[in-house]
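Working notes, structure below.
Labels for the chains are A, B, C, D, E and F, by order of writing; each one numbers its residues from 1.
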């Protein structure tokens, strides 16, 4: 009996999409207004999904309050009210596209969640643009 | 050609998460405020998903109005405005965690839905906490 | 220059709508399934609105983080995961209808918010049923 | 490393569910008010999901702005503010059930999206009724 | 003590915005794609708001279940799955703009709701376009 | 007959809340993480409300498509994907708090909307924090 539990958390951050090795013109041509030099920002929503068998004693796949605390400690309190490009080490040389952010969130969380549970993450950049990654 | 149809229904119920064979202290330590003795409650949302080939004559995998009626008759009208622990037989000896509720909903619905269609259920306890089960 | 700031918070609680001085039959006839004896529950959302002039030095009508803390301390941490009828003193002899809950929330908050700001509260019992009160 | 990107778009359209070779009575018996002769309508939401490896140079599976433009050009600007039965060729002899619409949207989009990316589509007819199709 | 109670209901309908005494060209120039000849449609949401003093005996301004039944009987079951222009008498000679629909809903409801309660209505045509009317 | 029409638009932007004439320590003490030096950001939603009599010939208070175009031209295309502090002149010496942003949006829109219509604006910084201003 495999069940998936899902927990939503959020953070607000600034970012900019551009390659440092490209000219401003080329960045603008490829990334459009996402490359504007002074950053823009988003209210990011994360949904963390864990799949496995419930613990027979407590009836939980994992306590969602504990899961929420892990997400907060490892991801949202780190990213919240920050500039992803300037303040977060993993984006020093990796562009903070939604695709790259969801992978980095996965890497931050995977070691701190039970190894026998499958992990998948959905990251909403806006209500219209979101990404999913399952390792 | 396999298509998934999805129908959302809802119910409002009270519940409490605790083990009868544990002390109040142990229940509080493990389940926190979810074990408060006088119950709390939620607006539960269910999404029922059925996957299969559409009927070529009517273009439906299943009539969603009929699907909604099955969900109401078998689940939401039974659970709505009830105390899951006290009023619903399947939770007399099973804690009504989201994980256990979604399994019981699956068991209630599976015999009353077409056998050739795959069934999966998502249960929202809140906007932030939800679970998925596919049998 | 008058501006309204709005802050959303939430709590989950059980309740039951019935008059102690009425028979079960009469309660059922008037209040329907809301009077079921073992309680049901909701995910309640509150929006607290304060109207006044922004402080010229900090540009805030009131710091929304502080406003959120007042709402949590005075209302949502008190009501959350509780049975409104049994656990909350102001509903010992007052039925916890949405109308009465929003008035009690107003009375809990008014003394702890700046007196020069107008207060209005919206309480969502479900997405479909909600109430507003402004003192 | 496979990631899914998701883009939401919408259109508003009229439709009617009925078989031309059936009597009005039979259509009403099978399709209910969805067969009313003068049409009704919906705000349709589409979520288009593409799965594959991000381009290492730009960090995108596909530019979501470009994906949005393809959806608009091939689907939503064609269907928007139209009568699906009368104005859209693919529904001249196919009933515009949600199941059939999502398949036709898939067929419209598949040739114009990168062949190495897997495509799945979710179509919301209402918040309560939606369908998913992945080819 | 004045409290506002709010009830949300919905209906799905087709409509077309055009003046019969204008040419198709002029209608297109003024109303754009809203004047397309074969109609389009929407998922309409209504919020009905009633303001007054709660009944001291039952703690309700008005029973929201009863309010919902009045809205269904007088408005949503009449308009649902209909073509507003062709099927609904009050739009035979009045264009079903959101502004006109909300006024007609008000006129349909006002005689069937308690006269001592103030009535206001919000009508959502889409999530982005909505109107409010209070008589 | 006065009706209110409401139009929702959005923009994504970076900002920082701090006084230039205060030390970093004082800014941090008063504004918390909102004063982080490298900015953060939000998905801002605006609802613009106009109240007045519908034009008897076209049945609109104002064409919502035209209203949307005015909001885009005067506000959202100017603010979108920008740093409010660095890129937008009116925030060069005014902190971009939600209160100040909603006032500046009002000032940007008022001259370009019909003078006989009352204007009110709601600005959502997040789903939990929003402000309203009516001039």
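A few notes on this one:
One rule holds in what follows: contacts are C-beta pairs under 8 Å (C-beta built on N, C-alpha and C of every residue); 3 or more make two chains touch, one makes a residue touch a chain.
Note that the structure is a prediction, hence the values are computed from the model and not measured.
The minimal number of chain-to-chain contact steps leading from subunit A to subunit F is 1. Hopping across touching chains, the smallest step count from subunit B to subunit F is 2.
Interface note: subunit E and subunit F, two copies of one sequence, contact each other through mostly non-matching residue numbers (shared numbers fall below half of all numbers used). Greatest centre-to-centre distance from subunit A is found for E, with centres as Cα means. A straight line joining the Cα centres of subunit A and subunit B is 29 Å long. Distance from the subunit A centre to the subunit E centre is 41 Å, each centre being the mean of its Cα atoms.
Looking at subunit B, one finds that residues 127 touch two or more other chains.
Touching chain pairs in this entry, ordered by label, are A-B, A-D, A-F, B-C, B-D, C-E, C-F, D-E, E-F.
Against subunit B, in their complex, subunit C makes its touches with residues 10, 12-15, 33-34, 36, 38-43, 80-83, 86-87, 126-127.
Considering their complex, residues 1, 3-9, 49, 54, 57-61, 64-65, 68 of subunit D touch subunit A. Every residue of subunit B that touches subunit A in the complex is listed here, in rising order: 17, 19, 30-32, 94-95, 97-100, 102-103, 127-133.
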